[in-house]
Amino acid sequence: MRTLPIHPGYQRRKKIIDLIARAIFLLAGLIAAAMIVLIFVFVAGRGIQVFMPGYEGRQDLGTFLTGMRWRPDLTPPVYSVLFIIINTITTALGAAILSFPLSVLTALFIVKVAPKGLRVFFTTVVEILAAIPSVVYGVFAAGSITTLVSKLAGMFGQSTYGGSSMLAVIILLAIMIFPTITSLSIVSIASVDRNLELGSLALGASRMETNFKVILTSAKSGIFAGLILGLGRAFGEATAVTMVAGNKLFGPTFNLFDTTRTLTTTMLSGLSETSGVDYDIRFSIGVVLMVVILLTNLAIRLVKKSIGGVTNE
Amino acid sequence: MDARMTTDPMIESPQTEPQASSELDVKPETPEETKPAKQVRMPDPKLDPNSPNVFEVRDLNLYYEKFHALKNVTIDIPKNHVTAFIGPSGCGKSTLLRCFNRMNDLIDGVRIDGSITMEGQDIHSKDLDVVNLRTEVGMVFQAPNPFPMSIFDNVAYGLRCQGIRDMKKLRVVVEDSLRKAALWEEAKDHLHRNALKLSGGQQQRLCIARAIALEPKVILMDEPTSALDPIATAHIEDLIEELKKLYTIIIVTHSMNQAARISDKTAFFLLGDLVEVGDTSEVFHVPRDKRTEDYISGKFG
Amino acid sequence: MNKRRKFADDVRTVVTWLSTSISVIVLAAIFVFVFSRGWNTLSWDVLMSDYHPENMLVEFSDGTPGHFERPADLDDADVFSEKYGFALRDEIDHRKQHLMVLTYIADDSPLRDAVFAGSGPRKGDKITVMEDMQIRRFDYMSEARGRKSPAGFMGNQKTADETIERIETDGSALIGMFYQSTGGGMRGSLVATLMLIGLTLVIALPIGIAAAVYLHELAPKNKFTSVIRSFIEMLSGVPSIVFGLMGMTMLFSVTALFGITTQSILLGALTLSVILFPVIIRQTEEALIVVPDGLRMASLSLGSSHTQMIFKVILPNALPGILTATLLSISRIIGESAALIYTMGVAINDHPEIGRSGTSLAVQIWTVMTGEQPNFELASAISIVILIMVLVLNLTVKGISSRLNRKWRT
Amino acid sequence: MAVRIEFQRELQALHEQIIRMGAAVEQAIGLAVEALINLDVELAQKVIDGDDVIDEMEREIDRNCVRLIALQQPVARDLRDVTANLKLITDLERIADHATDICQAVKTLVKAPYEFSIPHDVVVLADMTRRIIKAALDSYVNRDKQQAEETIRMDRQIDKLYRQLKRYFVHQIAIDRDNVPQLVDLLLIAKHFERAGDHAQNVAEWVIYFIEGRHAIYEEEEAKNAKKTDSHR
Amino acid sequence: MAVRIEFQRELQALHEQIIRMGAAVEQAIGLAVEALINLDVELAQKVIDGDDVIDEMEREIDRNCVRLIALQQPVARDLRDVTANLKLITDLERIADHATDICQAVKTLVKAPYEFSIPHDVVVLADMTRRIIKAALDSYVNRDKQQAEETIRMDRQIDKLYRQLKRYFVHQIAIDRDNVPQLVDLLLIAKHFERAGDHAQNVAEWVIYFIEGRHAIYEEEEAKNAKKTDSHR
Amino acid sequence: MDARMTTDPMIESPQTEPQASSELDVKPETPEETKPAKQVRMPDPKLDPNSPNVFEVRDLNLYYEKFHALKNVTIDIPKNHVTAFIGPSGCGKSTLLRCFNRMNDLIDGVRIDGSITMEGQDIHSKDLDVVNLRTEVGMVFQAPNPFPMSIFDNVAYGLRCQGIRDMKKLRVVVEDSLRKAALWEEAKDHLHRNALKLSGGQQQRLCIARAIALEPKVILMDEPTSALDPIATAHIEDLIEELKKLYTIIIVTHSMNQAARISDKTAFFLLGDLVEVGDTSEVFHVPRDKRTEDYISGKFG
């Protein structure tokens, strides 16, 4: 009945190829997904090792988590991270507080306010900022932010260790997470249904009223996603921060002009070691870092839910 | 009588001498009167604020950059009636609709000439505040577009933009608007639920309520039901029937059946031309123009 | 609109203008800083030379003196040797050390014809002596003493003037010289970076793309898939320094299979591949999402198998997205530092090999910045290189994606 | 919640118009009967003058039906409703026409030079006609299928009576030479009543069509057959 | 490129059906005239039997019109087309009915015990009726407004002739007592022709409605008024 | 007769004793006949490969996870007719349509019971190759979705997937298919232009041509005109009218008018139930079910 010259042999071949290809695709997916598990297994495994009995130079988990000193130079060395955690969180939050409003306003400006000619320019600025690698930020921070901070400290009658300070870290991180939050905000603001905007304008709202009342409200969830991503970057940033942190050896830092120490800078210090406690303890910090990031994400989600009121979901 | 389709090149120039424009004018010899500059800027003396028409469009031409989207359109929109715009895709229906609340201002490269007056006032004049115009001329869009806020906030939005903060007043207006939009019964227990949780038809009614809250004179609707299923569509159509007692409604629709069902007047457009306008029953029963006939009976050429 | 509304509106507008200008200022500051510090340092030599200065002992095959004219364009500070046809200049380096730099060599100067005289396998190899070399000492045949004598810093001469005078007046022939190459270059890191890019892409792209295709086209919508999906998502939230830790433990044992016992470029590439999985998967998936669902349905309803659908309809349409993913990956590889510090080491290697440690450009910055004396000039110079590469890549991506948008709009 | 309120309202308005027209037609027939019995020329003239109004009513309803179809595009029951209306008003109008014709006849009857009396059976026929029209309209108002069927059966009585009357008149004309014009007119009047009854039956058939969605073929057929074999005998 | 081909095809089919029905009706009237002139009982019976076919045709067209409206939802000209059809077939069917009634009368006429001849004017009336029906159908087929108007004017001739005939029969009955039944039947036959002409006029009016979109009120009115003042005089 | 709407729980179980199922059955006592396991897997003896129906659906139930989307649907799809599925949004029209070419396989969590036979063969049986089924049952979607390739490649796509590479043959089939889809005249000079350059209506006809190229027996259409303007819609409707001479067509439509205009049979669904199925003229003139009546006349409840 059919006139088409369809070969049954071809169809069998087609089927077999299909099966093989599917298997290969599945395998790739599995490999990619397995990585996170492997990271946990290997990093945590190595990190816990330090607290296990039988480990040479075994550390006490309680001291590690609650102490306020990091003195690998002492004998026996003292490793404790509570103050580091506190410093990490203060710097990251400080950066977020500085950066978040600016990012959102910038994003709004770029998408909705800027004259058409300037829009591309500003977008490119943000994209370039996002593309700059962190070491370059580090060089910049070590060379100029530190100078700025030490001058500022001078005005307040304070002194700094060559500008390396908590404030420098905060400013550096603020600059670094700015493009992250901004570009996500741009995406979510730009993807707000144009009909909503038209709807608002048609109700006699002015442009700016529309932007602040309707656009930002609608883009909320994307903007918060940007914040979470930015904070993640602030927590995880290592090389640049190391260049301006100053690596304080004890106690949480509350003075903006005092040096500080974050989880990542700690992990990057004392690189010459390749075995022993001093080496393995970095894995423990890695675990702590991941836990901190996880908890912060949860906290932000909670905050978002409570201040969000009406949500998009 | 209420729709002139012929191109009348005289309409823009003053047809009467300034001296004759009003019998109360006792000083025909004042220097202002004789200044030619003044004469050019004078409003058309024929415009009558008490006319039965809300809008009078005269020789409107609209260009998108080079593209001539509306050609010499002259049409009157009668008060408290439903006027439907029909025509094939791209004929300029939405474009004309957007002229009435100057939403075309938002599109770059739009050039307009000819005049549109709303109750006698030129809506393109410098004195007229666009934002105010838009509170007087509400608009409902093709896809329901409630703001991602609560139902209450959606309806109160326009009022709050006007600086009204008094909750008591807001509550009264919100209830009233929802009632008029036939949504009160369904929504009264969920006023603070997210508007996006409503069904498509309810969302569209919310959008109508939102426009009503500002007590507009006119409501523009651009294919308000094309995203809805037949039942939700029927609800909206019933609502329009109710609303026309209070408001003037202009509706663009792709569905000739819908235009037939709900409108009092129908205007048929083709490639930017207003081909025919008249009472809906006339247009659908004895259209005057062969092109209208062919279009509404679903055949072309 | 009343006055109050208008005022509030204006305030809002000004605030957005201000906040945006801050970002422009910051970007400008970064560029001004990096370029002002690094631009003078940056030259072809810096790009192409080794980082570690190299000491060289050479002998000239024919060191007999001739007569040379002092070229007219030679600077006054340069001291010219009329017998041997070269010029020297006194300079002071950033460590306040005095050094003599070779600024000119005449074409038929004996210096042009040198062989390696140190110990080792290179002994006897021809060496091209070039300008800009830091001369430590000359060996010459002393007429006074009748034997090979040194002139320069290892003799008693402190300046170029003295040195040239010494060999011209005292010497009958030039035997050889001892000099140091300039160093402070980035060639090794550049090569290592290129190797890293190549290796990483070869590993990460096929797996990433295939995984994206699996997730988006084939995976059933069930618990298992959503677990896989969220695992991959979580991967993108892990800081790169933690990937470094993972590289050190887990992937280290993988490279050990190839007989590699230290940190290595291969290890760095493996680690970066893992870092890039989520990037590539997300980018590819984004490109897949843009492909309208209707095309899939249409293809299947026309009797194609899933594989045919993927290769005939989906992937061709996702190609620009995949290209984007590649370019973004390269940019990320160039910029990555923390993870590589752990897995490739921080020692700058002028002769990188896959199985050995080395630094990428970014890590080299880190190395020179965290040394005893941070070298801002070199760090800035490398930063300029990195910035240019990254900018070119990102702007290309931008071009591609705007082309892509246009394609689907029409 | 009912939807398409406007359409329902318009349909309702249409029904009311038809009911008004029905009432006018019923009244026209009633008045014609009265004019006939009392030989009241003035009343007869009133009916004749009123016919224009009914004609205008028909055209108005026609227009409305077509407008409703064009604008509201009804289907199913609603469409049957409108089309049944469109058809049945033709019959109503025709009944009014017959009333007019009867009244015209009355006007000439009155001019008769001789005294004469209306035969009782004519009055009975007139009354039956009035009743069948009422029944038809009632069945329409109430959408009552049984009543409509009843109406159709009533028409057979009328036909039978008419045939009797015709025979009577033929006989009478033959013997009463003086009154031939009057008798002929009376015969034609009877014929008009009979036709009016027929139209009432049609109305009832349309009512059944509206309710059932099918033409009431059986009843009609039956009636036809009965007629065919009986009439003009 | 024409669209809605299917609908155009169905509309075409509908027209053909109506033309066939028109032809059948025309034939019925023609045969009735022949049966009358020749007093041919067999022919008369044939017409009577054929009436069922025409009735069925009407119902079929009715159904098709309603189906077309329900399924294709025509507007403007197309809708006027369908509704005009819906209405005018009622008139066609009624013409056929009158033909049947004429034939029934012929059947009784034949049974007359006495010799008699058909008055020439009746034959003329019959012929005029046949012609008006033909004219109405032609105006329908050709969608010809002028022809339709012509048809409407023709009906006034018929009415006039009928009134003459009626006066003649009344007179004749008074003098020719033996033939009263026959004369009464002939009078009724004339009446039937007159009615058939009326219906043909209605058909023409629907044709005008279809072309113009308005009821041909003026002509109708004019005709009515003329009738009102003249008839039964 | 051709559609049973009542829920008949007996339909799946053999209604006749095996012995009585055929008069040619001379060995009622064979052991196979009495094995209960065999009886369960036996095909329904009533299935007739020469029946006038392409598809016979019996007691079909379909679940999306927990959601019961189709409830005991029993319907026959007659050959070379247009069958329309109508009903309010979400009633399961598209779901049933997708059953016919097993596109539901692509949706996770779908569970089906009951049977669908195509010319007597159970389409869910293990022997049946889905890919083959889909070449026999073409499908056209709501939004026109040509592949971003040339017009020619679009039409040749399905054939190439079947391994046909011979350009001569391909050219013949492409021309033939485009002709049948009434697109040849417009497209013949641009066969190698990108299909996305066509207008919406042309794209949809291209999609139909693409399906036709595989010589399917059935073409499924899911709201094929809802993205098109009235004129393009009218063209597609005319095309469907033509195609039904060659193919069996099942069409889902939101527009009752469309169903009325083009279909021979109409099936009305409500909340997963098949409420009524019958000849279109019957359904739209004298629907048997009150719910159908209310739905098609645009009122509910």
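So that you can tell them apart, the chains are marked A, B, C, D, E and F in the order they are listed, and the count of residues begins at 1 in each.
One rule holds for everything that comes next: a residue touches a chain if its C-beta (ideal position, glycine included) is under 8 Å from a C-beta of that chain, and two chains touch if they have at least 3 such contacts.
Computed from a predicted model, the values in this text were never measured in an experiment.
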Contacting subunit D as well as subunit E are chains B, F
What is the shortest path, in steps, from subunit B to subunit E when you may only step between chains that touch? 1
The larger set of C-beta contacts, choosing between A-B and E-F, lies at A-B
What chain is the most remote from subunit D, judged by the mean position of CA atoms in each chain? C
So the chain most remote from subunit F by C-alpha centre is C
Where the centres are mean C-alpha positions, what is the separation of subunit B from subunit D, in Å? 50
Please compute the C-alpha centroid of subunit B, do the same for subunit F, then give the distance between them in whole Å. 44
Measure off the straight-line distance from the CA centroid of subunit B to the CA centroid of subunit C, and report it in whole Å. 64
In angstrom, rounded to a whole number, how far apart do the mean CA points of subunit A and subunit C lie? 25
If a residue has to touch 2 or more other chains to count, which residues of subunit B qualify? 131-132, 161, 231, 234, 256-257, 260, 284-285, 298-300
Residues in subunit A with touches to at least two other chains are numbered 14-15, 206, 209
Residues of subunit D that contact two or more other chains, please. 1, 3-4, 7, 66, 70, 73, 75-76, 79-80
According to the definition already given, which pairs of chains are in contact? A-B, A-C, A-F, B-C, B-D, B-E, B-F, C-F, D-E, D-F, E-F
In the complex with subunit B, residue positions of subunit F that touch it: 88-89, 229-231, 234, 254, 256-257, 295, 298-300
Where on subunit A does subunit F make contact in their complex? 2-7, 10-11, 14-15
What does subunit E use to touch subunit F in their complex? 1, 3-7, 66-67, 70-73
Show me the residue ranges of subunit B that touch subunit C in the complex, using the header's touch definition. 129, 131-132, 161, 163
Flag every residue of subunit D that touches subunit E in the complex, lowest number first. 48, 51-52, 55, 59, 62-63, 65-66, 69-70, 73, 75-76, 79-80, 83, 86-87, 90, 100-101, 104-105, 107-108, 166, 169-170, 173-174, 177, 180-181, 184-185, 187-188, 191, 215, 217, 220, 224, 228, 231-233
